[in-house]
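Chain naming follows the written order as A, B and C, and within any one chain the residues start at number 1.
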Amino acid sequence: MIHIMSLASRGSLKLSGKASCASCWNWLPHVHYPFIGYCSIWRVTTFDDYYCLNYELVSVSGDRFYWCSTCKLRLTRDDAIIHWNGNHRIFRAAYVDPDVREELYEG
Amino acid sequence: MIDLNLIIGGPQGGGVESAGQVVVKAIVLKGFNVLGTREYHSNIMGAHSYYHVRFSDGIVRALRLPVESIVALDAESVLTHINDLSERGFLVYDIDTLSQDATRIASMEPSLRRRLRNTFNSLGLNPTVANAIKILEEKGVKTIGLPLKDLLKKVSAEIGAPIASIAKTVNVIGIASSLYMLGFEPEYISKALELQFGNRPKILKPNITAASIAIEYIESNYGKRPILQDGPHKGKRRMITSGNEIVAMAKIIGGLSFETFYPITPASDEAFHIEENKYIEVEGVEKDSIDKLSIVVLQTEDEISAINMAIGAALTGSRAATSTSGPGFSLMNEAISMAVEAEVPILISLWMRAGPSTGIATREGQQDLLHSIFSGHGDTPKIVIASGDHIEAFYDTLKAMNWAEEFQTPVIHLLDKYLASTITVLDEPEIDPSIVDIRRGKRVESPGDNYKRYEITEDGLSPMAPLGSTTMIVSSLEHDEYGFASEDPIDREEMMKKRIRKFETIAKSIPESEKLVLHGDIDARITIISFGSTKQAILGAIEELEKRGIKINFLQFRILSPFPSNSALDVLSRSERIISVESNAMGQLSLLVRAHTGVNIEYSIRKLNARPLYDIDIVYGVERIIKDNVKSVVVSSGS
Amino acid sequence: MARSWLDYRTEAWVQWCPGCGDFGILNSIHKALAELDIDPKRLVIVGGIGCSSRSVYYIRGSNVHTIHGRSIPVASGIKLANPELTVIVVGGDGDILGIGGGHFIALGRRNIDIAVLIFDNAVYGLTKGQAGPTLPVWVKTKALPYPNVQGNINPLLLAFASGYTFIARGYAYHVNQLKDIVKAAIQHKGSAVVDILQPCPTYNDYMTSEWYEKRIYYLKDEDPTWDPAIRSIDEYRVKAPRIVEKMLEFGDRIPLGIFYQDLTRETLEDRFEKLTPGYLSSPPAKRPISVDSKPLVHPFKLFKDKVLVT
């Protein structure tokens, strides 16, 4: 298991100075406008500079999918580690508007 | 004279579509004519898409570049459209995107990224949004950097606790800023939002708030804007419709009762709109029990099934149609041949897109002209009609359904991606369905015994009885008059002649005025020939060229099969210089004209980049041909 | 007076080889139609391309001869546009299961009330005996230069997996038994398929009448309690494994008869009627489309949601 701290000790981790939504495990950035996101604890939309006591630092550890908002890609854990090491912004998942199909075209 | 263009760009799924719709509504409410089109990638979410809108107090014939306003909802939109903005125009963008660099925008096409890098590097700059802003400002463009996040926070604060719909106001902040800059009163923006989201108060409220916050911001930072005078179309009932929608409407109005389809861009939206309205309330039908009529709309397993099923339905006497695009039409070829041999009335709406092969599924092309005319093996004459604009598409759909039944033949209605996804506004008299009577030809409901499905007649048309009315045989094999398979040489020859006579009947029955239209001065020495959705752009170009002292007329080919050879020759033989305008590489119309008239079309303007043809493209092309005496101009505008 | 099977014959000369199994099938169809007393004017036989598809010329009806593999879509269009008609598809294994395989599957999903009669001789007769989709692998008929290298489809299992609600197998030379099966298939409300084993004496010298007759037996003869009807989901759960087991049996022993008849599933026509009441009484073929040549509806009235007042 690769824990966030082990990555930090390898010198590849850059944490934001303050514990805000932008680096919180519970926060899902909007797929297109990543300064807005959805807090899965409070179940509300917040901005990336908000914070609260439920803050939990994002990490790539469990064998699950992740979201790289830099590349706009869904990643498996192995991929996520590579993106993380490249200083990309990794999240648990992305927030997609439930009515997004209204904005989509036949393609 | 008001004549303005704007672009709203953003990631697919990021609110560009509803933003475009709101803008179109606001423009129509304000009394202007409008044309709006969607340009997008073949992608579900994330790739760049944009809405291009032009509005005017006059007729809006085509979209035009450069535009007076760009709303860039993300960095990619700023960079993608950097060359699309007029010097007199303004850009609305998010200041938080300033540091973004084209080389690091994942969703951007690699080729565009490379081009931007090269262009910026040659100026000694990196391809960042900040540098793009710098370049634009040097050009004289006004740039309006919105502190988008702060504005959204304000919205969120004003409507109480942050709720999920905040993200849905990003686009509205952008367009409200743009519309206000252009001189739209805030009421028009709110009213357009009400029309868009009126039935969903939870979305409407934050959007109204977002619009007023955006306007407040613009006002306090850029001053109060002069009000744009209302357009001339106030106090009217007007309809906003896309090409897909207007064809669907025409099919429903014209009595279509059976439509099949297999999902394909840009055709499926048409079937979708029919399905949405497949259960219709009718008045004035004498049959007592009916107050609602249904249309069978069925998604089939492939396009082969789609057309064959429609053929089956047509044989029972139903008005039947299918809609598709190039790849699906390829699959339909054998059945088209059957429909010719078995004499089945069927309408195929063919929404062309950029080929060959899958090509670019979501972009414009006029490459299926020859394919449609020559579709089907064997000698397979059929009707092919190409509509020039929304209004033509409406009436042509009604006529095509009539012709299919009157002449017991497949009719291919050529449309394209540009018409499919372009939105326009219409007045009630412009689409008056009573102008085209519903005619069904030589139908017999009770033919009695000894019915000959393929009775030899002078006009080549046999009385057509529906399946189930008597014993009969409908056959895709060569047959005798009864429909029994026959390889007898005389039967064969008679049936070949019958089908040719029928095609001659078609050619004689459809008036020449339907087949081709000469726009402009008959004595002009330069003639543009074209077909399909290029019509309005050409008309717009002719007006513009006239202002520049160049007189041109335009011969629009509407019916490509049977080909109006003599009338075409009449016009073409008078012209000194003929220029074909087509969005295909082969010059398909030129080939066809030469085949039918012997006239060699020496000059051409072609658009090959799968973007819509703009009026300025043609102006540019004609000027090159006249002034530089080049024979062939490829026009390359569009993002 | 009820019709006789002779009323369903036509004047056309039947163009099949001497000894062809199709003759037996044709006769069974004539007899089944007579016993059901179906009005030939209201009967639609739809054929594809191939020897057997030519049956459209040999059965009196309001018939359609289509193109190769497309009889099912054409028949589906006919039935959905006018559900009052009796619609039967005739064709070979190559036509229906080979080139038309995709449509065969789709019909099962839809459960349109159509009977599909597969004249299954495992070869392409008209084109000189190439391997059909039901010819087993490694079989080398005289007509083939090398043995067949492609495996065979199990039509019954394919039908079962696709959702057909009536699945049966018959044998071309058992005219009376086949007649009863065809009758049941026509009477069944929903998509019905009868796989009719049929020797092709000209091209298939492997699956001959001797070959078949050594192997075939009737489900009912083996098990007099055999009842293919499914009346509830519970009955389905109980019977399905045994039905599938019987469908899988194709080798030394080949069962015949009705394997499966699901009476619980609604047809596509019923689904349309549910969604848009009035469809069945006023289907596409019969509904009015105009009054005095004028449309029944106006765009500005019908599509109000697109209209705004400026």
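The criterion applied here is as follows: contacts are C-beta pairs under 8 Å (C-beta built on N, C-alpha and C of every residue); 3 or more make two chains touch, one makes a residue touch a chain.
What you are looking at is a predicted structure, and each value in this text was computed from that prediction instead of being measured.
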Chain contact topology (line, ring, star, complete or other): line
Pair exhibiting more inter-chain C-beta contacts, B-C or A-B: B-C
Approximate Å spacing (C-alpha centroids) for the pair chain A, chain C: 55
CA centroid of chain A to CA centroid of chain B, Å: 40
Chain B residues touching chain C - in the complex, by the definition given at the top: 25, 28-31, 195, 233-241, 245, 249, 252-258, 260, 277-280, 282-287, 289-290, 292-296, 298, 300-302, 304-306, 308-320, 334-335, 337-338, 342, 428, 431, 433-434, 437-439, 466-477, 483-485
Chain B contact footprint on chain A (complex, rising order): 30-33, 35-36, 38, 44-47, 70-73, 95-97, 100, 102-107
Residues of chain B defined as touching chain A within the complex: 10-18, 38, 40-46, 49, 73-74, 96, 104, 106-107, 148-149, 152-153, 156, 161-168, 170, 263, 265-266, 268-269, 361-362, 421
Interface residues, chain C side, partner chain B - complex: 12, 40-42, 44, 46, 54, 56-57, 60-68, 70, 72-82, 84-85, 102-103, 105-106, 272, 275-279, 281-291, 293-300, 302-303, 306-310
